[in-house]
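What follows is chain A paired twice: with chain B in the first complex and chain C in the second.
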Partner chain A sequence: MHGVTDGIMAAMLVLNLALLGTSRLTFCIRLVAVQGVLVGLLPLVSPSGMTLRTVVLAAAVIALKGAVFPRLLSNAMRGADVRREVEPYVGSGLSLLLGLALLGISFWLGAKLPLPAAAPEVALVVPGAICTILIGLFVIVSRKKAITQVVGYLVLENGIAAFGLAIVQDVPLLIELGILLDVFVAVFVMAIMIYHISQEFDHIDADRLSALKG
Partner chain B sequence: MSVPMPGDVLWLVIALPAAGSLVCLALPSARAVLAVTAAGVPAIAVASGAVVWQVFAHGPLLTAGRWLYLDALSAYHLAVMMLIFALSSVFARVYFGAEPMPLSRRRARRFGALWYGALAAMALVVLSNNLGIMWVGVEATTLLTAFLICLHVSPVSLEATWKYLIVCSVGVAFAFMGTLLMGSAAAACSPGGAQFLNWTYVHDIASRLDPRVVKLAFIFLLVGYGTKAGLAPLHSWLPDAHSQAPAPVSALFSGFLLNTALYCIMRFIPIVETATGNAGWSRGLLVFFGLFSILLAAAFILAQHDLKRLLAYHSVEHLGIIAVGLGLGPLGSFAALFHTLNHSVCKALGFFSAGRVGQIYGTHDMRRITGALKVHALWGVGLFGSILALIGLAPFAIFLSEFLIVKAAAETKAYVTLAIFLLGAGVVFIGALRHAIDMAWGTPAAVPAPRRASILEGAIVIAPLALLLVLGLWMPRPFQEMLSSAARILGGSAQ
Partner chain C sequence: MRIESAVHFAAALVFAPLLLGIINRTKAFVAGRTGQPLLQPYFDIVKLLRKGAVYSRTTTWIFRLGPALGLAALTLALAFVPFGGAPAPFAFDGDFLLVVYLLAVARFGIVAAALDTGSSFEGMGASREVQFSALAEPALLLGIIAVARGAHGGFSLSACLGAIDGQAWAAFGPALALAAVAWLIVFLAENARIPVDDPTTHLELTMIHEVMVLDHSGPDLAYVLYGAALKMWVLGALLAGVLVPVRTGMWAVDSAAAAAGMVLLAVLVGAIESSMARLRLVRVPQLLVAASALSVLALILLMR
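Up next, the complex of A and B:
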């Protein structure tokens, strides 16, 4: 199954770079949804294989990240009636270059980090997960809109989920579901906040939320 | 090590607030919601007091298939938390009753449900034996308290809420990576064990963990939970959220939300220290972050004009002081835990007073709040007294706990730490004292005559001040033993 895992991770990396290159908000949301589905598939091809635990987990992740989150975000976007462009501080060309640099750093880190021997022998999981985490952080700090910050948070979350699968096997299902519940509520709360902000400000540009200083 | 007792009562400490949360959603009026919080939370606090007492009398409680665990360290934090929640719940009734615009039924229901919900989530953090569930609880407190900041919707309160949500969610995500790394280190030592995320288990096998992985994990945990605890330079969300939230919510944030996150860091200290050969590696990091917080807060306190932001930077300072204490050996840990209670009680009173004084003057700008002692004697005393206690004036208890930290620094020969600590505390003392004197004694500003204080308001001001004064002069023997046994856990003992 290792080939499949590496294939999934490679697809996630391509999605990361596509996310940095795209300028349309709806497309961003769709890319993150696809990435979420891929993360959901990972437990099924992990060494534990198809057990009740992994199937329940995969189903929950795919349903939330693949269907519920994109719908929440699209609704928030429509309710806020925002312009459809991403509006980055850093242009898409430079973003892509930085993304490639982050990818390089991830491979270097993946080789350097003193991760426990339990890590699977698949080559791409740890660096891929680190890269996804870094790209998520980059999206959060480099994009102006509140909604793209949520997209960045989801990418970060995807990266952490993959990282977890790589280094710890068999986290109790109860904890996994608790984490998913938290992420779900987080996105839900953020979507409501985006609606409130758009009502109060006529925009959802997080960079213009800057009245509070000192 | 004594055998932990079955403690099925622990469930109730989480279940009762959760039930309260649902009840609040169904209440018919804003008055009813505020009454149910003001009466219900202190009742839950008293009931939890019984559980805490049982821990100190008979030893740790472990229950629910090892998911819930209450030892001296968590019991002490549970007690502080319940005290702050009870005080703030009673104050919430006073505060919202004095608002120019009464709470609508919808807002009040939302407040009650989230308030009880936050109580349940924080109880989950403190009671959880499983490090994963502990993380779930911390993230839940972020999400449940977010809407409490913007209870009164305004552009600035939304801005503060958004920053809080994003910064804390992302920060706490790092803590999750740290938890995973810690779990992987434990799992590597116990093939096939399903317990590798339980604190009791990880603590027992700590000496066999791979120190490199444990160090990596602790850096992630410190950054992650440190963001939520408001340790500089990760505190960017804190002054905004504290200043924009309604006063009872600010009191809760400063009084215990920050401590919840710091508690999580405390849980990991004995594990990391044992795994890295008791070389004081994690303690050094805590001292560094603590000193940085103290200095940064001191600079911002000097230049501050907003009363609630002033108190918020005091929180950064005091959480820094607790972190420094944790880094200074057994006496330092003892002092840090003592300081936790002192700061929480004092800061809760500070925000209560800031909230009521702000309502009376119609502003939080300290340049326009003058002669508070003449305008409203009771809340003027509350404000002046809490700031004096906060900056470490003798004989209030904060003076004593800070003195113990200084002593711990001198005993461990940490002279650089000692010097920076005294410098920061000195700057804060002078800066905040100047603000406090202007607010208390200046020519009274012309404001509409405030209504007279009720007996309840009197009790809310007098009780915390009295507690701080008594603890500053005399430490009861049982309380001292309580602190010692909690500090021993930080030092690596399972008791």
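Up next, the complex of A and C:
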């Protein structure tokens, strides 16, 4: 199954880079949905195999990240009437190059990180997960639109989920479902927030909120 | 030199313009037109070779040298490119650097000739050609290094492409696929195909390759056309070498598989041209940087 896991992680890395290269919000949302589905497939191909626990987990992750979150974000996008990330702090060409640098850093980190002996020997999972986390963070800080920042948050969460899969084999189902619920509530609240910001200010540029005075 | 290498080299020289014909037929089929005959590129080249050349008084010997230099460099590059698992006529460690720079020499010949005409129009095309190929070169080179690293065959093109078989794909499939996608983008950019440049337009401000050869006529234009076909074969053979991992050891089977790969590649290019519009000029560098990013990703996946 190692080949499959490596393939999934490689696809996630490509999606990360595509996310950095695009400015179209619908495309961003679709990318992060596909990435969520890939993360959902990871437990099925993990060493523990197809058990009731992994199947329930995969179904929940795929349903939430593949269907519910994209729906929420698309609705928020339509409500705010924005299509593109017009002027990010870092342009898409430079973002791609920085993404490659982050990729290099995460492979270096992945080789250095002292992991518990039980960690699986699938080589790509740890650096791929670190890279996904870093790129999610980078998207959050380098983009202005609130929707893209939520997308960055979701990428970050995908990275953490993949990392959790790599390091810990037996997290109780309850905890993983709890984390999913948290993410769901966070995205739900953020979608409502985006709607209110756009209603109040006619835009969703998060950087302009910092100029507000109480 | 092995006999099959010589046969492949001769076949490449003969069949290279056929790729252009296949692309044109595919586009015509998708658009529902009858289209030009499959052998039209050959007719064009033969017709041009029988004509005389017209030279502007502002041009110098550089203008006459350009097409011949381009054709010579591309023919030499072709001699280093393996086909269907059989080694190329010439090979040594690190010859991929020579191939990439022979492509650059050919480009230099065409660009210098374009600048020599003194036309600002051709100067613009030359500047764009150089800009985009400077961005495409790292994608190509890094992709070759990644493939060489994955195949563990050695650092000549013949050795590393010859070692790409089913096992290499099973072991490094994702990385090889990434390198192949990067090469496909380079293939489209270097051959002035559609997402980057439109080969059918003349006299349009956004075109790149066609604008540089406007002043060539007669045999010189035939050299340019034939050189473009050879360049397409060189880059296409690299792509087919990675994407068609048929290495049975039987010469006929391997060659037939690689030839089928080339035909499919031409059909694919025709399909891309039929279904896409050309990118805006400012988006092209982004596409090429993305190709480089894919190559780097492939390299990193294989380095670990």
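In the analysis below, the second predicted complex is superposed on the first by the 207 of 214 C-alpha atoms of A that agree within 3 Å, B and C clash if a C-alpha of one lies under 4 Å from a C-alpha of the other, contacts with A are read in each partner's own complex, and residues count from 1 in each chain.
The criterion applied here is as follows: contacts are C-beta pairs under 8 Å (C-beta built on N, C-alpha and C of every residue); 3 or more make two chains touch, one makes a residue touch a chain.
A quick note: this is a predicted structure, and the numbers were derived from the prediction, not measured.
J.: Looking at the overlay on chain A, is there a clash between chain B and chain C, or do the two fit?
T.: fit
J.: Of the two partner chains, chain B (first) and chain C (second), which one does A:A11 touch, if any: first, second, both, or neither?
T.: A:A11 contacts chain C only, not chain B.
J.: Pick one for A:R78: touches chain B only (first), chain C only (second), both, or neither.
T.: neither
J.: Is A:L103 touching anything from chain B or chain C once the two structures are fitted on A? First, second, both or neither.
T.: A:L103: touches chain C, not chain B.
J.: Using the superposition on chain A described above, determine whether A:R24 touches chain B (first), chain C (second), both, or neither.
T.: Neither chain B nor chain C is touched by A:R24.
J.: Tell me, in angstrom, the smallest C-alpha to C-alpha distance between chain B and chain C in the overlaid model?
T.: Shortest inter-chain C-alpha distance (chain B to chain C): 23 Å.
J.: Give me the intersection of chain A's contacts with chain B and its contacts with chain C, in residue numbers.
T.: On chain A, no residue contacts both chain B in one structure and chain C in the other.
J.: Going by the contact rule at the top, pick out the chain A residues touching chain C in the complex.
T.: It is residues 3, 6-7, 10-11, 13-14, 17, 21, 92-93, 96-97, 99-100, 103-104, 107, 111, 123-124, 127 of chain A that touch chain C.
J.: What part of chain C is in contact with chain A in the complex they form?
T.: So the residues of chain C touching chain A come out as 170, 173-175, 178, 285-286, 289-290, 293-294, 296-297, 300-301, 303-304.
J.: Which residues of chain A touch chain B once you look at their complex with the stated criterion?
T.: 113-119, 133, 137, 140, 146, 149, 153, 156-157, 160, 163-164, 167-172, 174-175, 178-179, 181-182, 185-186, 189-190, 193, 196-197, 200-201, 206, 209-212, 214
J.: Under the stated contact criterion, what part of chain B meets chain A in this complex?
T.: Chain B reaches chain A through residues 130, 132-133, 135-136, 139-140, 142-143, 146-147, 150, 153-156, 158-163, 165-166, 169-170, 173, 176-177, 180-181, 183-185, 187-188, 194, 196-197, 210, 212-213, 216, 239-240, 243-244, 300, 303-304, 309.
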